[in-house]
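Next come the structures, one after another.
Consider the two complexes below, in which subunit A is the common component and subunit B and subunit C are the respective partners.
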Partner chain A sequence: MIRQPVQLRTRIVISALSILAMFVAYEAIAMRQSRINPKQTVVPGITSIWDGIQKMTTPNSRGETWLVEDVKATYGRLLLGLGLGIGLSIVIGVAMGAYPWVEAFFVPAVSFFAKIPPTAMLAVYFVLFGTKTEMFVAMVGLSVFFTLAQSIYQVAKKDVTDHSVFKAYSLGATSLEVIYEVLWKQILPRVIESIRLQIGPAMVFLIAAEYVVGDVGIGYRIRIQSRILNMNVVYIYLVMLGGSGLLMDWSLTQLRRKLCPWFGE
Partner chain B sequence: MTYALEIKNVSHWFGTNKVLNNLNLQIAHGQIVAVVGPSGCGKSTLLRAIFGTHPPKAGQILADNEPVTKPCRSVGIVYQHYTLYDFLTAQENVAFGLKLDQTNLLFRLLQFPKWRELQRQHLSQATDFLNRVGLSHAVNNYPHEMSGGMCQRVAIAQAMIMKPKILLLDEPFGALDESTRTDLQLLLLRFYQENLEAKRAGQIAPYTILIVTHELNEALYVSDRVIGLSQYHADGTNGATIVYDRPSPIFHPDDPRDFDIFLKQREELRKVVFDSESKKRHEEFVTFWNEHADLLASTTTKA
Partner chain C sequence: MRNQILCLSLAGLAVAAGCSKSTPTNNGGSGPVASGSTPTFSLAWSEYPSWSVFGVAHEKGIIDGAEGKRGPIEEKWGVDIVLKEADYDTCLTYYGSSETDAVCITNMDTLAPSLSRASVAILPTSTSVGADACIAAGIDNLDGLKGKPTYGLEMSVSQYCFERNLELQGKTIADYPFKNMDPGAAAQAMQTNQAEIESIMVWNPFVLQTLRTRDGAKVIFDSSTIPEEIIDMVVIGKDALAKEGGEAFAGAVVEAFYEINKMMADSATGDETLIAIGQKFSSLELADMKEVVKQTRFYGTPDEALALLTSEKFQNETMPQVSSFCESHGIVASKPTVGFNKDDAQFNFTTKFVEAAKAK
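And then the complex of A and B:
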């Protein structure tokens, strides 16, 4: 029957089998390719992957490894951009949800810019911020800001009814308390969800920008290494991106469960 | 002279459509007043005006002699659909008003230990109040974990713990099943008994309630005074006004629920307020203060 529930243990076994199947399939393809061409690097086998790891972790002339340099650059840009974008979008989004005159002021700009793909804005960011860290941070921050501010403002309007606001006033709240104690606490789980959904696109834009103009970072390394078909390095970076994405996703879900136990799953 | 609520010459209109026409009403401390009227007669507009979210276009509303122009501490409300805060448990919902009223954000942030101590007291008061409304078993439940009746009890406790000068109940039992509805009606009767006890002890009655309801039996059963709002006038006046204002029989929570006791008054109310053909002179049925000169005298003395 459709949607027949499965036991937790069965679910874990099926998931483990799926991961195992991926590894087995990959290794089988790698072995087949190596039989056809022993020097191929497009689908590297386990030993070749190990070579890639060593390449990434061997210090270069500056005394730093690719891995440390790239992780520092990419995740530094990502966290800084996300921090700025999230902070600004919470302030503006909540203010838009609380005060109709702020809403009237920001809605045209926020709605318009949220519709422009951030990668299409790359050229503008190059011109405005150059090609250094500021450009990557601004691109991540602004791409997150417009979409997240719009989503926070809509949630604040929809999930917080006039009745709950009026009632808070009748219980003695000031406007600031209504915003913090009622509006913010009501929308917090949805804000965390929106942030979680924004991390993926932010990562896409950042890697794309690094791919085009970066001189360090994961996107840059993928471009350079794929050109010389060092796929053993490229695949490790991809696994790292997937793993970090999952980790951030899981962390935010845990944070939401911890801060908003009333919200359910 | 201090009334819990005083409405002076209130009129309200939307464009050319006059909804309320020159309403005058005084409610003494400790009364439970039921407002009934046909659909579209302006009951909700009146309630919103008293609550302060939609002040009247003409006239004045005073709660304990203070003008009401926006939602404030003097006027509490319980909505038909509860409007509890989803992120707070039943106990926290009831204590929420105490927190907002007695502390501010800075105090809670900068004087955290003192706030924790005060919070413990608030939660304990909230638990006591939840016991009184029969929810001692659900103090830690979130709204989504409770039934409609339980949520409405929490909403009533949340509003009553604040002891507003007047509490507005906007069709509070409209969405509930018959048994829960009966329980909550009895709860109001118990609050009324507390008012009587306070009066006997020479204190100001703690609970003054204005309840808007569609149910005539409910209106006559839970209140000590019934007000009929109607747009059907003998003189053809535009907009609704008070066409009925009389005392209703007072029930003790332990009395049998015998609605036949007020059968005659219910028919009278139906004719005067709801029957568009039966246009009579309002003065005949607006007699509460004539019949309760003693209450007027005590209100005057209190002031």
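And then the complex of A and C:
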């Protein structure tokens, strides 16, 4: 029978096995590569990963530690970009959902740019924002903004019935009160969900941009280190990216549960 | 939806990292029948004047880069050469992970992979005599550059050329910060007059392109001060060379290279061949390509190649210098052993195949 429930303990054991399987599979690939060439560093064995960890956590001659510098740079850019992008898209998205004339003004640009990968127009970002932090922040912010504004205005328009809007008006609410009390509160869980889905692409764009123009950051480190085949460093950064993605995902789900318990799972 | 975005952005990444192209397909020319027993060897190459020669050799039909198809040179040597065209960085990864038998690579970039895969340089193809340049706008000379960042690819020939020039002029390297940026992106930033990008260190076609596009852009110094230090070459894994047919493959690659060089030297076919080489290389025109091959001086004959490989300076000064640079910049954890006609060296320059080509 499908959907047969399993006990929590069984579930944990199965998940643990899955993680173990990933390690075993990795080590198997590493061993296969090492049979081809015992000195290869492209898929390093788990033991030589340790060397990589030391390399990135030991301060260099200038007193800089790769891990610290890169994490500060990349996550700083990401969070700043996300913050600006999310803030702006909430304001514009809700306004678009509430006022058809705002919608008419923004729809062409928003739906057009939402489909263009920002990394493909790097040169335009140079011209507009330079090549420093502003450019990375703008890239993350705008990539999030266009897609998120679009999904926010659509839920604001479709998920909130005319019925509830007019009911609030006839109970004497002002327009601002309707927007905050009726519209915003109803769409909040969907907004959080959309934000959660936008973090992945934002990270991809950021890493790609750092790959090309960064002089510090995770994307920069991955490029330079893979060029000289220090893959033990590269893989740790990839694990870190995966881990931080999971963490952000989980936090937003928790936030949604706390803010909107009525929404359910 | 989300997958679509990821796909697009991955495509964007590929575009941003430099347009990579897949292996060239059949040229429709001569099509010898595939034979099951012919050993197959791969050569990874990226667009660069003296490496595009192999792409042109395929287009002209003297070799066939598709798997299972052979051109006249491959027939003669009894091997099947498979050409893999990719972005330069990708070629390095191919080679390091043994995904290709041979690769077009510089002398400096061979040091790191040779630590894990013993390497044999079979053919020097060209040397940079001005093809790597430090270009500045609004700065007139080295003194004006002091304290201002120069943008270029870290841990590459760009940084090497930059520091060597400072050294030659007696400057302190610490006074001239070098910041990482992809050369294509740095050139783009310079060409769009970005205020914070006053100086870049890039290679061709970006050098010519930037000088042409940006008014007031000026070469502060270039690789013509360090001739025969940055060498473009063909390197083959020692493991691949030892395989059956490995030496025939090396011989075929060397012959194909010299065949195209003969066409370039011939006044009847020279211009046409040069245009073919330049076509994908940033679509430069004939006049520009003539400039390019001056700045990227080809080792067009076995004699020129032998002169480099047997030169005392190259063996005893240049290569040790390049090794030290790589070690002090963390490109290699320890220096690999470099040898000339020494089979047990981790990185061995051999004259065997060039000499064989000369003897013919």
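Quick notes on this structure:
Everything below uses one rule, namely that the second predicted complex is superposed on the first by the 253 of 265 C-alpha atoms of A that agree within 3 Å, B and C clash if a C-alpha of one lies under 4 Å from a C-alpha of the other, contacts with A are read in each partner's own complex, and residues count from 1 in each chain.
The criterion applied here is as follows: contacts are C-beta pairs under 8 Å (C-beta built on N, C-alpha and C of every residue); 3 or more make two chains touch, one makes a residue touch a chain.
As the structure is a prediction and not an experimental result, all values here were calculated from the model.
For the composite obtained by superposing both complexes on subunit A, the positions of subunit B and subunit C are free of clash and fit together.
Judged by the number of subunit A residues each one touches, C leads among subunit B and subunit C.
Superposition on the shared chain A places subunit B and subunit C such that, viewed from the Cα centre of subunit A, they span 150 degrees in steps of 10.
In the superposition on chain A, A:Gly264 makes contact with subunit B only, not with subunit C. When the shared chain is aligned, subunit B comes close enough to touch A:Gln186, but subunit C does not. Shared-chain residue A:Leu197: touches subunit C; no touch with subunit B. In the superposed model, A:Thr58 makes contact with neither subunit B nor subunit C. By the touch criterion stated above, A:Ser15 is placed in contact with neither subunit B nor subunit C.
Once the two complexes are overlaid on the shared chain, A:Ser111 sits clear of subunit B and of subunit C alike. In the superposed model, A:Leu171 lies in contact with subunit B only, and not with subunit C.
In the superposition on chain A, A:Gly214 makes contact with subunit C only, while subunit B stays out of contact range.
Here's the short version: in the overlay, subunit B gets within 27 Å of subunit C at its closest Cα pair. Residue overlap on subunit A between its contacts with subunit B in one complex and with subunit C in the other: absent.
The touching residues of subunit A, when paired with subunit B in their complex, are 161-164, 166-174, 176-177, 180-182, 185-186, 188, 260, 262-264. Contact residues of subunit C toward subunit A in the complex are 2, 5-6, 8-13, 15-17, 89, 92-93, 96-98, 112-113, 115-117, 151, 154-156, 179-182, 184-185, 188-189, 192, 194-197, 239, 331-332.
Subunit B makes touch with subunit A in their complex at residues 51, 53, 70-73, 75-77, 79, 81, 83, 85-88, 96-97, 100-102, 104-105, 142, 144, 158-159, 162, 164. The touching residues of subunit A, counted against subunit C in their complex, run 33, 36-37, 39-43, 117-120, 122-123, 126-127, 130-132, 147, 197, 200-201, 204-205, 207-209, 211-215, 220, 223-224, 226-229.
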